[in-house]
Structures are given as C-alpha cells and as structure tokens.
Amino acid sequence: MSATPVKARKARPKRSTILTIGMLAAAAYFLLPLFWLVVASTKTTGDLFSTFGLWFAGENNLFTNVGNTFTADDGAFGQWLGNSLLYAVASALGGTFLAALGGYGFAKYRFKGNRAMFMGVLGAMAVPSTALAIPTYLLFSQAGLTDTPWAIILPSMASHPFGLYFMRIYADSAVPDELIESGRIDGAGDFRIFFQVTGRLLTPAIATIMLFMLVQTWNNYFLPLIMLNDPSLYPVTVGLANWQGQAASSGGASGDYIPLVVTGSLISIFPLIVAFLFLQRYWTTGLVSGSVKQ
Amino acid sequence: MTPRFRRRTGLAAAAASPLAFGACARRPVEPPAHVSQAEIDEAMRTPTELDFWTWVPGIEKQVALFEEAYPDIKVDVTNAAQGAGHYAKIRTALRAGRGAPDVAQIEYEMVPAFTITDHLLDLRPYGAGELEDQFVEWVWAQVSGKDGEVWAIPQDTGPMGMLYRADIFEEHGIEVPETWEAFADAARALHEADPEVYLTNFPPSQGAFFAGSLWQGGADPFAGSEGPVLKVDVTSEAAQKVTEFWAGLAAEGVVSTDPDFSDQWYQAANRGKYATWLTAAWGPVFLQSTAASTSGKWRAAPLPQWESGDEVAGNWGGSTNGVFNITQHPIQAAVFAQFINTDPECTKAMATEQFLFPPTKALLEDPDFTGLELEFYGGQKVNEVFAQISATVSPDFQWPPFNDQVRADYGATVGTAIAEGGDAVAALDAWQDRIAEYAEFQGFTVEEGS
Amino acid sequence: MSTDTADSASEAPITPRIGRIAKRGRGGKGPRYARTGYLFVAPFMIAFTAMFLVPLAYAAWFSLFREQMIGGNVFVGFENYTRAFTDPQLIAGLGRVALFFLIQVPLMMALALFFALALDSALLRLSKTVRLAIFMPYAVPSVVAALMWGFLYGPDFGPIAQLADKLGATAPDFLGDLMLGSIANIVTWEFTGYNMILLYAALRAIPTELYEAAAVDGAGPWRTAWSIKIPLLRPALVLCMVFSVIGSFQLFNEPSIMRTLAPNIIVADYTPNLYAYNLAFVGQEYNYAAAVSFVLGFVIMAGSYIFMLATNRRSRS
C-alpha cells in the first residue's frame, strides 16, 4: 500500500550481549519513575511519606486507593477520564481530517500562496501559547465558548501544525499524480478522487497523526486550565492538579487527597500506553514512510 | 447557575478593540442605600440560581442548610481551583464580563485586590452592617472599608500558634519557649544535640507565614494605603527585627529551610525532622492527616513572644465570602454569604465537623468547640489554645491591593536571601524597590515609609 | 552531531531523489485545479485562522496597550517591546533556556540517535521490549512526569537520597544547584523516546541497497552506522532539532511544577514562558505579558532559522 521499503536482513550480524545489557539498563532508567508510581499507588498517605519509596510497604492499599480515587468528590475522577477521552478523540478525529485534507491540498495542488501559507502555519508554532492565554480566553468568552467542551476541542484540532506538516510530506510521496490524473479522465471530481481513491493511500499517516494528536490532547494541561472553570468539564490532567492543590491548600482534613493524586496519575497514563501498544503496527508503519522525506 | 449569555458577537467584532473588553458584558450593580426587609423577603421567594466558587471541603453541608431555609434559591458550588489559580480564574472571568460567580471564597489578604478593581459589592445595604458584633474585632477590621463598607463576610481565620513534638522536647530537655530569644537558644541546642533534627522549619517561599510573622512583630507595611495612594514600608524596624531573626537562624544552620507543603516537607514532618511547626489554627487538623505516623506526640502552644510576658499573635490564612458586583441577584447573594457564615447551625458544623477555625465570638466561647480533645495531640484541647490566641491578634494589619505580586517579590528577594544565607536586610530593600516599581507601573502614587 | 567525512559520497544517491519528489508532485496544474487546491486547504486554514491567527492578532494588538489598576487602559505603541528588550528578568530567562538548549538537546539527541541505531542494528536482543520501554514516557503527561521525578529527587527522604545514604555517599543536590540539570533530566526522560522513534522510523526507511554495498566492502555494523546511516539521517535530525529549539525555549510545564519543590531556585522569571505567565496571572500585566511572548516567539523563529541555515550550509559545503 505505501512505499515502505521492506528490509531484507540476509546476513544477520551476531547479537551483542554488551549492547543488550546496556540497552536494558537504559530501559530500566525510563521505567524507573513508572515503577515508583506503581509502588506509590499501593501505599496509604502515612506509608507514602514514611517508607522507602522504591519498594512496597507492608500492606497493599492499591484497591482501596483505586476505589477511593473513583468515589471521591462524587466520582469526579471517572468524569475527568471520560472528558479526556471525549476531548482527545474528538480533536484527534477532527484534527486529522483537517490535516489530511490540508496536507493533501498543499502537497498535490499548485496555487498562489501555497508555500507562504504553509510556512506561515509552521512559523506560528514559534509563538508560545502561554501568554496568549488571556487574549484567547477573552475572545472565546465573547463567542460564548469558554467553559464548554468546544473551548478544548476546537483549538486542539487546528493548533498542531505538525499534523499538517507530516501529512504534506506523506501525501507528496505516497500519492502518485498519475492516480489523480486517471481519476479525472474517468470524470471524477477531485474530492471524490480524494475520498474514494487517494485518501486511502494516506491511511498509515492518518493513523499516526491521530495517535499523536490523541496523546497531545490527552496530555494537554494549559489550555483546559485556562478555558474551563467547571470541574465537571475538566480533563484528567487538570483534575489531578486540582486535587493536588486541594491536598495542600485547603486546611482541615485534606491530606487524604495525596494518595488519590498518585493513584489517579497511574490510572491516567494507562489508556495511552494501551493505545500505543495495540496500535503499534500502524503508527510505526506510518512514521517509517513519512519521516525521512523532508 | 446564573444564565450564561451566548450572544455570538463574532470574533471579528470582538477583536476590534481591547477597550471593548474593559467594559463588562454585565454592568456592575449600583448598591442601593438601603434594602428593605420586604424587598429581601420578595427576592428570597424568587426562584434564583447562584454560582458559588470555593475550595472549602464539605461546604455542601452549609449550602444544604441554606437551601432548606430558602427553598426557592439554588446554589451551585464550584471548586475550580485553589488559592492563586482560583483568583486567576475569577479575574479572567470578571474581565470577560461573563462566567464569574456571584459569591466566592476570598482570603482576607486578597480582599483589597478585588476592591481596588471595584469588583466587590458593599454588603451593608443588605444587612451586613449589623453583623459586626458577632465577629471578633480584628477579623471584622479585615473585611471593613475605610468608610465602614462591608466587603465580605468572614468564614474562618488562622491565628498563629506553635505545634511542637512533646517527645522530642522531653528527650532533649527543652522547655516550651516563651520568647523568640529562648526559641533561638533551643534551636541551637537541639540541632547540636541531634544534627538530624531542627527545632523548626522556616519555609522560605511561604509569604503568608512571613506576613503573619510581620503582623506578630508589629510591622504593618501597607498601613494607610488608600485608593491610588500606596504606602509601603517593608524595611521598618519591626520588619528588620523579624527578618534578621530568621535569617540568623537559617545562616547558622539551626533551622531548616524546606519549602512547606512539598513531598520533602511531608516526609520530614512524618520522620521527625522538625520539632515544631509554626502554623495557624487550621494547622492541627491538617497535620493530623498528613503526619499520621506521629500521632499522640504533638502539643499546641502560643507563638514565642518578642517581649517577655507579651501575648501577641499574627494571623495566617482564613477566608471570607464576598459578592461580586456583576451579580444579577445581589440580594440573594448577599443573604447567602451572610447566612452560611452566621447561622448558628452552619457555623457550628464548620467549626466542629469541617474544622475551620471560627471567627465568631459565640463559637470561640462554645464549650462544644473549645472542649474538643484531639488524640493526635495527646488529648489536648487544641481549640481552646487557639481560641485564646485569637483574642491576642492585633487589629492593625493592612493588605496591599496587589498581594499576589508582593508575595512573588518576597519569594524572589527576602525568601531567597534567608534560604541561601544572603544579606536578608538588604533583600528587604530590594523587596521594597520591587513593590514600589510595580506600583508605579500600575499607576499608583507611591509613598515609601521611614 | 553529524559527520562530514563521508557526506558527499553517501548523500549522492538520495539527494536527487528528494529533489525530484519536491519538484514533481503538484498534481493540479492550471487555474481550474488551483481553485480545488484552495478548497482542500480551506477547512484547515479557516480553523487555524479562527483558533490561532485571530487570537494571535488580537494579542499583538493587545500588546500595544497598557492597562493599569489606577488610570485604566492607554495606548502605548511599542513601549512594552522596548521595555522587554531591556528587561533583565527576560534576558536572564532567555540566557537560561539557551544554556538548557545547549546542554540538554545535544545530550538527548545523542541518546536518541544511539538508541535508534542500536535498535536498527539487529545486534540487540529484546529490541521490541526495549523500544517500547524507552518510548513509554512520551505517553506520560508532563504534569505526572514532574510529580514522579519530584518525589524521586527528594533531598532527605527521596529514594535516590536514601540509597546514597545507605551506601555512605551523599546524593547530588537535585533540587538545589543542580536544578537546571534535574529539569533537563525530566525533559530527556520524556522526549528521548519520541525522538528515538522518529529517527528509528527514518532509519527503517533507508533503502537496503545502500547497506549491501557497504557490507560487500566489509564494513561492520558500527562502521555502517557511522558512515552511512548517520549522514542519511540528517533531514530527520534537523527536524527533531527544530522541534527541540521550540520545546526548549518554550519550557514551561516542568519548571512550573517543580516550583513547588524549590520555589527559591525556580523563581517567577526562571524561563521566559514562565515569566510571561507570571506577568499575566500574578502581576496582571496582561499587555506586557503578550509583548514578552511575541519577543520570545521572534527569538524562537530566528533561532530555528539560523539553525536550519547553518545545517544547510554545512551539508552543501
């Protein structure tokens, strides 16, 4: 389907034990904080601060913690997970669609301003969104969008120029002009050609971009922090940060939020890891065929 | 929830002028001189939804009691964020002119930040003027304007005291220090006897602790600031006294300087690195849940004094409920803020179930409250200790109209100097300069003291 | 990062190919298809304009005003920009992220490159497991990453400090003098895997004929990596580096979360982005904050441009 060169590895060199050990050590470094997170999720507040961090305490409190995480604040955590899922999936679907159309357009059509527009989109990445937050908030508020899911989904769809960039490169090499030409000879319109023929050639890139947009929106913290005020609309990142703030700043009996933050963090990274594991074949193929050709 | 306007002005029109955003989509309420009981009664029978932003856990209890008393009013509680994040959200919503709450939790130190921008509703016409007698004098002073305006209703307070580890004190033969001098001596002796243990931790970035310390030390750096005139004097003798004290102990290395409410600090509190926590009246119950492994070992006492025999305290924390003047339901909002903070059942639940330290005279004398014995403190009547401290807080302490900036500048100058053993008194000058410079940028007329 | 030794020889086969792809591939010729081209890019451009350019333009307009607590809103022209260019807090922050960029990015890219080459070399056992383990941190939100590392860094009771203590050593002062390095470690942890995957994918796409020639010449796997693979990776490396320029100069999440652990090290102006945030949300200097972020944006654009220019020149010479 794609132009992926399949490597024939005829003469396999001998496996290197030293390299393997070195790489396993590196892998251990990358897994260490996650191991801490798993260990910490099994502890009570008291154990968390009074036992050795990288090993389990006497009693396993994991199930209690998980239970409390999902029942605290009337089940807010489950709602946050659902919101994250909604925002991530909606903006990944919408964003990928826009990027696929746009990238294909930029790659396959000559029109005035093609290059200028494309470079403009890339250049815009340089301006940090952090301090544009206030103007953006004021505009969105004027349009009645703040404190609604749209305030997250719409900007997430359009403000990741990487997707457009990747799609353009991919479409450039994966879609032969001849295919478009022959479609036209058959009398098909260009959009029909795209949706029925050429668009399909973009599938690996679409899977890749969708996954990366999914991750970006799922992990986004700043935008929802600014745009949303209603905790029942929070995604899981902002919700966890809210609990962490709650743990430290509300006086009274609020220390109980600490294990919730830890356990909630662990639960929040599961969906993405699972998505990456299951979709591994698709996104690696997509990256391989899209990456080198700059 | 108040109705959300969904007028689609369109992005282009909206972008035309930033001045358009200066003007609020909702016009602030002009407070009437007096609201009659009949008007109040009628308003409270009109079906209304109020937005209430707070981060007080369990406040739903008071809200339920209010809704029971006024079945036509529905209150939506939102815990959007805490502290700085909470105010940032309120500010942006107020600027945008929509989405801001009717009633919000506002700490005492932030009340002037919302009066300078003219966002708070004077609650006097709604009956708040008559509440003065119910509250402790210094607390009421914190919510009162120059001409007797009532900007917010006090909810809880944080008179400062000392929680100490009785077991560590006993082991090292330390008497509970009554003066800061004795405190300093004990700090040196303890750290020498056991280098793993510090008499206390000075949290270098905790501007609120430092402000409370200045308060106890008799400094009142922003006294007399009014409207466009900002008076600032953080380099006064009293402020230098407090600063030199902590900078000295930190430089000697006999107190630690860990940031508070961090992992490091929680762990240290659990493992007995600190023999005291200089904190406020909300501290005892907080510590109980975060340092559970040290149960039974702690006791409470007043802060050490600058002059032997004095009984003076500062305040750290506590909140009020204020009403924003963009509200469409000023009467209902004002009645709500007053009800949950003065109704006997509401306030008693706050004090005895949610462990908010009360600002009302009635509760501070209520044996159900003061008589509470806490296991964690070896059965000590901790509330009684803090109730007595509350009576010793000075009413003279004024907050600046941009407290968050003052705090940030404190951390960058004085806090850092103390933590890193720099010249802390010189850092006071730097702090003063930064405040003055910022105030000028914001258009204030700055009068620097002494 | 690159080797000049074998450049001319090894790039010869691929450069024309890339050139050809770029020149070819404009399927729509003539004005009729130009219109179709506009229609294809219109949805993205409309969304991009509404969600990004309009707020950007509004922010630019916004940055020409000064709104004061006392005295209201006045038009000040470029005053906020002249203030920014001489603002020692902004300049110090820019210096700090530049230093961060110079240390962290080469290190991360070297690691990512090494891992990618190792995975591609077929010398490795368990390569799939290793690849996933290294990539996994990318799926962790930076909020959670900073939370985890913050705990591990704890100076008295953090696990690293406790292990060091048991061994009779002193753990480095992660949250003190080493803070910039500690943040660099977090960022490296988060993004090495991401860069590794991009480079690895690029390696997999290199046509095998190129290796076979080398194998005939008797080149071992290391030699092949050094003389053939790395030069061919240049476009992918440049791409990763440009992303890293942006990432470094916009550094925000990690320092802002680590701030609670070391508030006196990470001050409000630690990075330019953090500074802009604090100007807006603590100091309520919204207009100046917008100006500062535009200045930062220009610095990033200039930096990326210079970087690309430099690498282009080098590859041509």
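Some points to look at:
Each chain carries a letter (A, B and C) given by its place in the written order, and its residues are counted from 1.
Quick note on the criterion: a contact is a pair of C-beta atoms (placed from the backbone, for glycine too) under 8 Å apart; a residue touches a chain by one contact, two chains touch by 3 or more.
Fair warning: this is a prediction, and the values are worked out from it, not measured in the lab.
Taken together, the touching pairs cover every possible pairing of the chains. Taking A-C and A-B together, the chain pair joined by more C-beta contacts is A-C. Averaged C-alpha coordinates put the centre of subunit A at 39 Å from the centre of subunit B. Between the CA-based centres of subunit A and subunit C the separation comes to 16 Å, rounded to the whole angstrom.
Touching of two or more other chains is recorded for residues 50, 54, 58, 62, 151, 154, 157-158, 260 of subunit C. Annotation for subunit A: residues 49, 134, 138-139, 248 touch two or more other chains. Residue positions of subunit B touching 2 or more other chains, listed in rising order: 11, 14-15, 261, 263, 267, 271.
Across the complex, subunit B meets subunit C through its residues 11-12, 14-15, 18-19, 22, 84, 88, 91, 116-117, 204-205, 227-228, 259, 261-264, 267-268, 271, 273, 401-402, 404-405, 408, 411-412, 415-416, 419-420, 438, 441-444.
By the touch criterion stated above, subunit A contacts subunit B in their complex at residues 45-46, 49-50, 134, 137-139, 141-144, 146-147, 225-226, 229-231, 242, 245-246, 248-256, 258. Across the complex, subunit A is touched by residues 18, 21-22, 24-29, 33-41, 43-45, 47-48, 50-56, 58-59, 62, 111, 115, 118, 121-127, 129-130, 132-145, 147-149, 151-152, 154, 157-159, 162-163, 189, 192-193, 197-198, 201-202, 204-208, 215, 220-221, 232-233, 235-236, 238-239, 243, 246, 250, 252-253, 260, 272-273, 276-277, 279-280, 286, 289-290, 292-294, 296-298, 300-301, 304 of subunit C.
On the subunit C side of its complex with subunit B, the touching residues are 50, 54, 57-58, 61-62, 65, 67-73, 150-151, 154-158, 175, 260-264, 267-269, 278, 281-285. Of all residues in subunit B, only 4-11, 14-15, 21, 53, 55-58, 78-83, 85, 89, 92-93, 95-99, 156, 158, 261, 263, 266-267, 269-271, 282-283, 285-286, 288-293, 317, 354-356 touch subunit A in the complex they form.
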